[in-house]
Amino acid sequence: MRKCTAANLDKLFAAIAENAALYLPVDDEKGTAQYKKWAEGTVMSNALNTAKSPKDFFFPQSEDLMKFKTQGKTIELTDIRDEKEDFVVFGVRACDVRSFDILDRVFLVDPRDSYYASRREKGVIVSLACSKPTETCFCSAFGIDATNPAGDVTAWKTEEGFFFKANTEKGEKLMASLEGLTEECTEEAVEAQKAKTAAILEKLPLADLDTDKFGGGKTAELFNDPAWAELSRSCLGCGTCTFVCPTCQCYDIKDFNTGREVIRYRCWDSCMYSEFTRMAHGNNRNSQLERFRQRFMHKLVYYPENNEGIFGCVGCGRCLAKCPISMNIVKVMKTVGGKKDE
Amino acid sequence: MQVNEKKPLIVAFCCNWCSYAGADLAGNNRLAYPADVKIIRVPCSCRVNPMFILRAFQRGADGVIICGCHPGDCHYTSGNYFTRRRMAMLFSMLDYLGIEKERTRVEWVSAAEGAKFAATMNDFAEKVAALGENKRLEDLRCKR
Amino acid sequence: MQKITREVLIEKAASLLNEGVVSAVYGWKKGEFVYDVTPALFTTTEELEKEFVWGDFCGANFSKYLVASTRKIEGKILVFLKPCDTYSFNQLLTEHRFDREKVYAVGIPCEGMADVSKVKAAAGEGIIAIESTEEGLAVTTLYNDAPVVVPYAEALAERCINCKSKKHVAYDELIGEEGDVLESGRFDQVAELEAMTPDERFAFWQNELSKCIRCNACRDVCPACTCEKCVFNNPVSGAETKAPMGTFEEKMFHIIRAFHVAGRCTDCGECSRVCPQDIPLHLLNRKFIKDINTHYGEYQAGAEVGSRAPLVNYTTEDVEPCDVFERGDKNA
């Protein structure tokens, strides 16, 4: 384990930024944290998490795939993918780190998504352990340890400064480049913080959230649950939950005609939208109930069914904070399939 | 003189009954106005949806002008009165968003006012040229 | 702190349900925490007693739900309307969006709703309990030993600080006392923006609108946005977009949306409340309202049923579009 004192932090950021673009959470003028590119003078946010998830780094909201032009009978194709430079994302929380694993299981299996894969290869993730979880956090329900996140490098922030531990080859390479600014240290301070945070995690209001009712193979049991109608009744059908979610990975591929050529791009899509997966025969989910159910069944049943029981939710709590009508996965988990204590 | 100086592209929505005929008259009378004014004929000035205007800017227009019959002379009795309210509100909003107000204009041109049409276009093109390229409502995908 | 209690509303709803006057009740349903209240439809007294809440976090406006639910549900629906909600209610009636006969509207007084982000800013993260007391909201968090009291004035949502009216413009029955239309400072911020230079205004809006993630929450919650199929969702409209692509689409979306509700927007403030990126969308709508008031006479959408919205109306003496810009513009 290596340590960087608080006084050296800016130098550390500068050193990272020398070799790669460095992104970290920064407070905007209203105090909301968002990932921003580091530049001299950038101050890292103290917020628990960013408003938007870091999935943008690997799976941006919209990206150009290619360009094409027709001339007579020939079509000219141009690959216009944005070859992202090497980059480091600093301060990713445990929940969001898990979300990358979930996205990997979608984009890196056959057929491998080369756009996503290239960004994944170029990005180094420095995670940051939580010390002040909030009431909307429920990552522990999915087996995530907020005090010891994964990532290429794991960081802990204490009053003394930052502590780092490399977990992967990429992480070791990054830490090796920062040797001059960090020093070898014991794990004492980190262990103390872990214990303190663990005690808070136990007290969280959602600490006892139960996932037993869900998982692969539960489709028949849950699909026709009468609770879906009531839960989805007030759903506005907006895309807030899906767009702030770190694991929602549905997209649409569309063409934009500039007048000279056509740009084919892909952008996030939301299963909450009425035109989602619209096909020639029409839509396969015509009511908000069906669309609403799809989102939660996907995260809690269909995804684990295909991915060794891993849930498609990481418990970051963004949808709890952002849903216009405060309907969210926690309310769904507590209602669908009957209450635990009933 | 700059070699690659870009001339402003202007989209003029002209109503079929007055302003389009006014443009015709300007042509017949050999009155000069910039060739970069692209006229789009609409049945009435009130056919112009705010989206048309934004789309024009997106696709590379540097200025958008709407020409219709004089108030009171609308072929459909009241169309241009609605245009007047809508465009007043829309242009005020664009100005509020920081988009240069000289890039948008509404002008009433009758079928007899060929000279006014040419003069209006010359003046508008000059003002838009002074502002330069439209940067604030551009769509980078549509740029060359 | 709200003057009427939850019990009064439950009693009213239960008696109307039991008498058979209404078959369902729109109300606020309690959530996991105190502040995450969900709009819900109650059909039994038991449900009401168990889950109905009324308090400082019941901001959701039910008017728009009536458009769909009055078509689906047999019998009358009881809806509780705060003063600002009644304007949306009337506006929807003006546009013939639901059947008035199918609704039993109960006006309830409102002392203003709290904005949870302001509460968090004042009391800190990790809220586990909020109690409404005389002095303010007593907030217990994971990180404070004793509750932190946030005065109501500090916790109020922006739209409630600038409340335009405590008067109910529509109801079948009113609980509590009738209020008045208020003088508010709701156009102050619009005037501040107008006083800036165009460059400053552009920078302001560029910064705000570039945060847009096109989740459409502002549109989907808006009681004035009740088109069966929005142009932005319609693949054949030529305007369908799903993402804030590049530099233009988000501006297009917000300008067109604000324009489409201009003259019909009652300034209920739901758009800004729901925006996950905290874009001050109400400043677009208020700009239109301010301009309409200035140029076409004072007009409050929803104040009465059947009034003709300013943008589908005209006079022969209207201001010319070139004359609407004079407003203390520095570069003018």
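In order of appearance the chains are A, B and C, and numbering begins at 1 in each one.
What we mean here is this: a residue touches a chain if its C-beta (ideal position, glycine included) is under 8 Å from a C-beta of that chain, and two chains touch if they have at least 3 such contacts.
Worth saying up front: this structure is predicted, and the values here are computed from it rather than measured.
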item	value
Contact-richer chain pair [B-C vs A-B]	B-C
Chain at maximum distance from subunit B, centres defined as averaged CA atoms	A
Distance from subunit C to subunit A - Cα centre to Cα centre, in angstrom	30
Length of the line joining the C-alpha centres of subunit B and subunit C, rounded to whole Å	36
Averaged-CA centre spacing for the pair subunit B and subunit A, given as whole angstrom	46
Sites on subunit B at which at least two other chains make contact	141
Residue numbers of subunit C (touch at least two other chains)	245
Where subunit A touches two or more other chains at once, by residue number	256
In the complex with subunit C, residue positions of subunit A that touch it	29-32, 34, 48, 51-52, 61-62, 132-136, 200, 203-206, 230, 233-234, 236-240, 242-244, 252, 254, 256, 265, 267-270, 273-275, 278, 320, 322, 324-328, 330-331, 334
In the complex with subunit B, residue positions of subunit C that touch it	193-194, 198-206, 231, 239, 245-249, 251-252, 255-256, 258-259, 262, 284, 287-288, 291-292, 295-296, 310-316, 318-325, 329
Touching residues on subunit B, where the partner in the complex is subunit A	59, 141-142, 144
Contacting residues of subunit C [partner subunit A, same complex]	31-33, 35-41, 60, 65, 121, 125-128, 142-143, 207, 211, 213-217, 219-221, 233, 235, 240, 242-245, 273-274, 276-278
Contact set on subunit B toward subunit C in their complex	50-51, 54, 58, 71-72, 78, 81-82, 84-101, 104-106, 136-141
